[in-house]
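Same chain, two partners: chain A is paired with chain B first, then with chain C.
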Partner chain A sequence: MKILGIDDNTDINELLDTVLNGSGHEFTYVTNGTEGLKLIREKKFDIVLLDLAMPEFSGFDVRNSLLKEGLLSKQKVILFTASSVLDSEIEELIKKGVNSCIRKPVDVDFLIEKLEQLQI
Partner chain B sequence: MIVLCIIMVFLAQSLYFGNQVVAASSTANDDCPIFSIKYGCDLSAWFHLIIDGAIAAFLGVFFHHLAHKQGLRLKKIVEEHDAMKKRRREFAIQSLKNNFTSLLFSMSLINKLEPAYTSGAKNTNNIKDQINRNYEIISRVINEIKNTLLFLNDVLEPQIINDVNRLCQTINQGYVKDENKQLRSNDYTETKNKIIGLCKSFDELHPAVVPVQQLFQSTSSKSQSNSHPQRKLIYEEIAVYCKRLFKM
Partner chain C sequence: MFSLVIIAAVLSTSYISFKSLESAIIDSQLQQMGHEVEIKANLIDTLNSRASEDLLFAVKNPVFVKYFELPDTRAGNVYKDGVLQFTAQQRIVKEELDQWIYDFQNKFPVDETCLVDKTGQEQTRLVMKSIAPFAELSSREKATPFFKPSFQKNINQVYSQYPYVSPDTKRWVFAYTTPIVLSDGSKPAFYHFEIPLKSFQNITQVDQGRAYVLDPKGYLVADSGHIYNQSLNSAHFGQSPRDYFPSISTISTSSEFNKDVRNIMASNSTNTGHLTYSVNGELHYIVFKKLPMFGWVLAYEKPYSLMMSGNYNLQNLAVMLFLISLGVIAGGLLVVYLLSNRITRPIIDVAKKCRNQDVANLQKIDPIGKDKEINEVIYAFNEMIERVDAIEKQKDEFASMVTHELKSPLTPIIGWCQTLKNPKLIGQLNSKQLKAVDAIQRNAKRLQQLVGDILDVQKLDLNRMKFESLPVDINDLLNYMYNNLQNVMAQKNIEQTNSTKEQLTVKSDRNRIEQVLNNLILNAVDFVPSETGKIEYGAQSKGADVLFYVKDNGTGIPPEKQKNLFRKFYQIDTSVTRKHGGSGLGLAISKGIIESLGGKIWIESELGKGANFYFTVPVDRTNIVTSEKVMDVEKAAK
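Our next item is the complex of A and B:
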């Protein structure tokens, strides 16, 4: 499964890289929304793990840009965030094309399980 | 408005004192009616009352205006301070949750690598390197958590600070190498449960009241016109501020 991580936290990206590549997935990561958007335009991913709170170009901006360009439905977008997102906000985002939301902190096994469930 | 008030008070006072000075030099007589203001007439008690009342009214309005304006300014400052506090709190909680995620991932990786290392499987050195790298991450993340607690303690509940400190202590004690350089790690499930419990109390003590989208509104506006310096993201400012403090 091809997964793209967009998160400004390098530690999390590197750890996800070890975990997901180790479990047979192809994980690529970028540390900001602009680069992430560029990569989504260029390549095809199965899942995008999107952090919300990022400086300059937030997860909301990425989602909005994907929606505008009609790229949102081409891959599954999962919010992977530490922000205190309200349940109503998640519901609204799911209605607007986001597939799921995983709140940090999360167990590695749970994350992999969730990603594989979504892929099915 | 303020200038007009000052001018009016000045005029009223000039009139009042001017009359008093003029009137004081003369003697009052029967040709002076109650409200007469003319040379040779002393000011009557009624006229004193009216002038004093007018001055009091002017001063009252003037000070009321000043107090009202000051009140609005204070209210704005308090509101800005509250908004900043909310953002700093959100930033602190986000930082802690990100750090906890890193901790969980590292601990989980160590847990998975440890059996392979102790069983003497192939590539022991490689496994050892990976384990050591994760220990380094744990150690660094714990330092980051301590720094977050230190610099953002004014926006976090004391109970949370205590719990996080206790958790750091437990992890620090557990994830170390003993004297024989043998790896000895904490019970992963227990630590994981503690972290999840801690995050639940985060959400209980600091519930999300402001929609996240609102907290990042400045981000969106910045992305639309990123050349405007005044629209610099507050989240970014706090991050830069904290990084600078950590370096000190």
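Our next item is the complex of A and C:
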């Protein structure tokens, strides 16, 4: 499936690139929210892995823009975060159209499993 | 403390006022006594000078000279059968003389008067107003102590004789003499007065206290405190003063008193002065004045009690001062009591509340009463708590942020390790490379575990850990865990048993229960021996709770270490931790989780007999009011 990673941590992006592309998925990544938003507008992804804590244009901003532009339901959005975001805030976001949340650090095998579950 | 100060202040003030009044009264008493002494000294002086003056006045009558210038008198005394004979010529003049003496004596209280000639012969004598018959006239008057001194005096001069016993009246008298001086200057005789000592002693009588006259030889020649025998014929001629007058020692035998008296007698001053001495603990005050005769000292003495008696003012004042003191002390104590009630007690209360504070959960103190000052202290304390809370919160937030930040680099580290070990993704590693990646991965996971534990502790501390209240199939959970643990158990060849016999469900947080069970079981794995190790776990219904247990046959935990077991960072043996890789937080987290879920956790163990851990979970968590919920309710109320 087509997966977009939006994360300012290149190491994670490279890791996911290796793992997901190696497992038969089509993984693209960008390192900031603005570019990510641009790509979502242009292309169709199955899943967006969205890091919340990014400088300038954060995961929250991306999610809010998607909501405004009616693009939130275009694909599944999985929050991918290790930042000090409270559970309650994440719960709030999940209620408002975000599909799931995966906390960093994450077991790679568990991540693949989780992504594949979501597609079904 | 306050009370003592007040009592001391009041008592000393009272004492000082009493003392100053007392000394004022004593001063005025001494003044009064001094006045009395002056009067008495004057009376004695008057008596003395009057006797002298009257004597001189008497001898001014020319009949004395006339008698002694008679040729018959000049011719010398004629005796017949030892009795002085008078010529007719002599008798005429002597009658005139006797009449004069008799008249004169009636004017003045004289015991005896007589006229003594150079041979020691009495020419005439009047005793107690009766003229002595010729036959009784003595011819042995040379024996009197004043015989010689009398002739040494000149005209208009008086000799005063120190008291002696009159041979005629046989009582103690003063004698005054003056010579009869003829026109040619010769002194054929002297005229002599005797005044009873009584008249002098009477002067010393006083209403209060004791007045006396001290003689340098150590007698009291007059003493209001002594009854002198003053009747006629009570003494014998030549009696020693020692046998008649009381000794000074009847007043005081103290050497200090004697020394003072000697000093007074040695001094030339005739001013009044005073001294004190003590008898049986009571102070005696003496006002004294030196008299002009015989070195005598007139003294007036009163003991302290007499000095004060009659001074109703002082007694009243003492009573009044005592009552006022009592009143002031009572008032002062009342003030102290009220002050302590108003200030000291609330301060102690506040101090107690401050001390009893739970450091982990500082509570503001409610204002006490209406006292502004006390409440200022309370407000200050509360402000401090706010600041401490704010700092604590900042610190917690910071720690929380740091922990989160520690987490993010772990994601690529562990992920890359996994990826490296997967030959399908980036090719096959050789065995050395694989070993290196294993070490990196193992340590990264350990770090991940530690960071996760710390985050959990922080969440529990801050009451930020969220719990679900969803149906949990406990049998399913335990079976799931059994399967997951098989690899771990196999590594040490431990026999694990899930001994659950009932079908159990709870409404709670499955992940958290699993976390606690996992923690307890993995701890047990660390403490049981390889090959022979046994771990039994499971759950059973217990009233409104489900009781979980994890039992092992490990080394056990001694009772003294059990109570600290659930504290943060507590490890029985740090070497064990290094070996088993615990964070020291596992049991603290377990306790926090179980208590948040509304249950309890405890241990039963004996050293060498393994350890049994138990915890309860309420069947329905939503019915349990946890501290977290209480906090929420409080927040809502605000």
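We adopt the following convention: the second predicted complex is superposed on the first by the 120 of 120 C-alpha atoms of A that agree within 3 Å, B and C clash if a C-alpha of one lies under 4 Å from a C-alpha of the other, contacts with A are read in each partner's own complex, and residues count from 1 in each chain.
Convention: contacts are C-beta pairs under 8 Å (C-beta built on N, C-alpha and C of every residue); 3 or more make two chains touch, one makes a residue touch a chain.
On a predicted model such as this, the values are computed, not experimentally measured, just so you know.
In the superposed model, A:D46 lies in contact with neither chain B nor chain C. In the superposed model, A:F60 lies in contact with chain B only, and not with chain C. By the touch criterion defined above, A:P105 reaches both chain B and chain C.
Once the two complexes are laid over each other on the shared chain, residue contacts for A:D17 go to neither chain B nor chain C. After overlaying the two complexes on the shared chain, residue contacts for A:E89 are found with chain B alone; chain C is out of touch. Once the two structures are superposed, chain B and chain C can be ranked by residues of chain A touched, with B on top. Across the superposed pair, chain B and chain C both touch chain A at residues 9, 11-12, 15-16, 18-19, 82-84, 86, 88, 104-109.
Chain C meets chain A in the complex at residues 400-401, 404-405, 407-416, 418-419, 422, 424-426, 448, 464, 466.
Chain A makes touch with chain C in their complex at residues 9, 11-12, 14-16, 18-19, 22-23, 82-84, 86-88, 104-109. By the touch criterion stated above, chain A contacts chain B in their complex at residues 9, 11-12, 15-16, 18-19, 52-53, 55-58, 60-61, 64, 81-86, 88-89, 103-109. Those residues of chain B whose C-beta lies close enough to touch chain A in the complex are 90, 93-95, 97-98, 100-106, 108-109, 130, 137, 140-141, 192, 195-196, 199, 203, 206-208, 211-213, 215-216, 219-220, 222-223, 226, 233, 235-236, 239.
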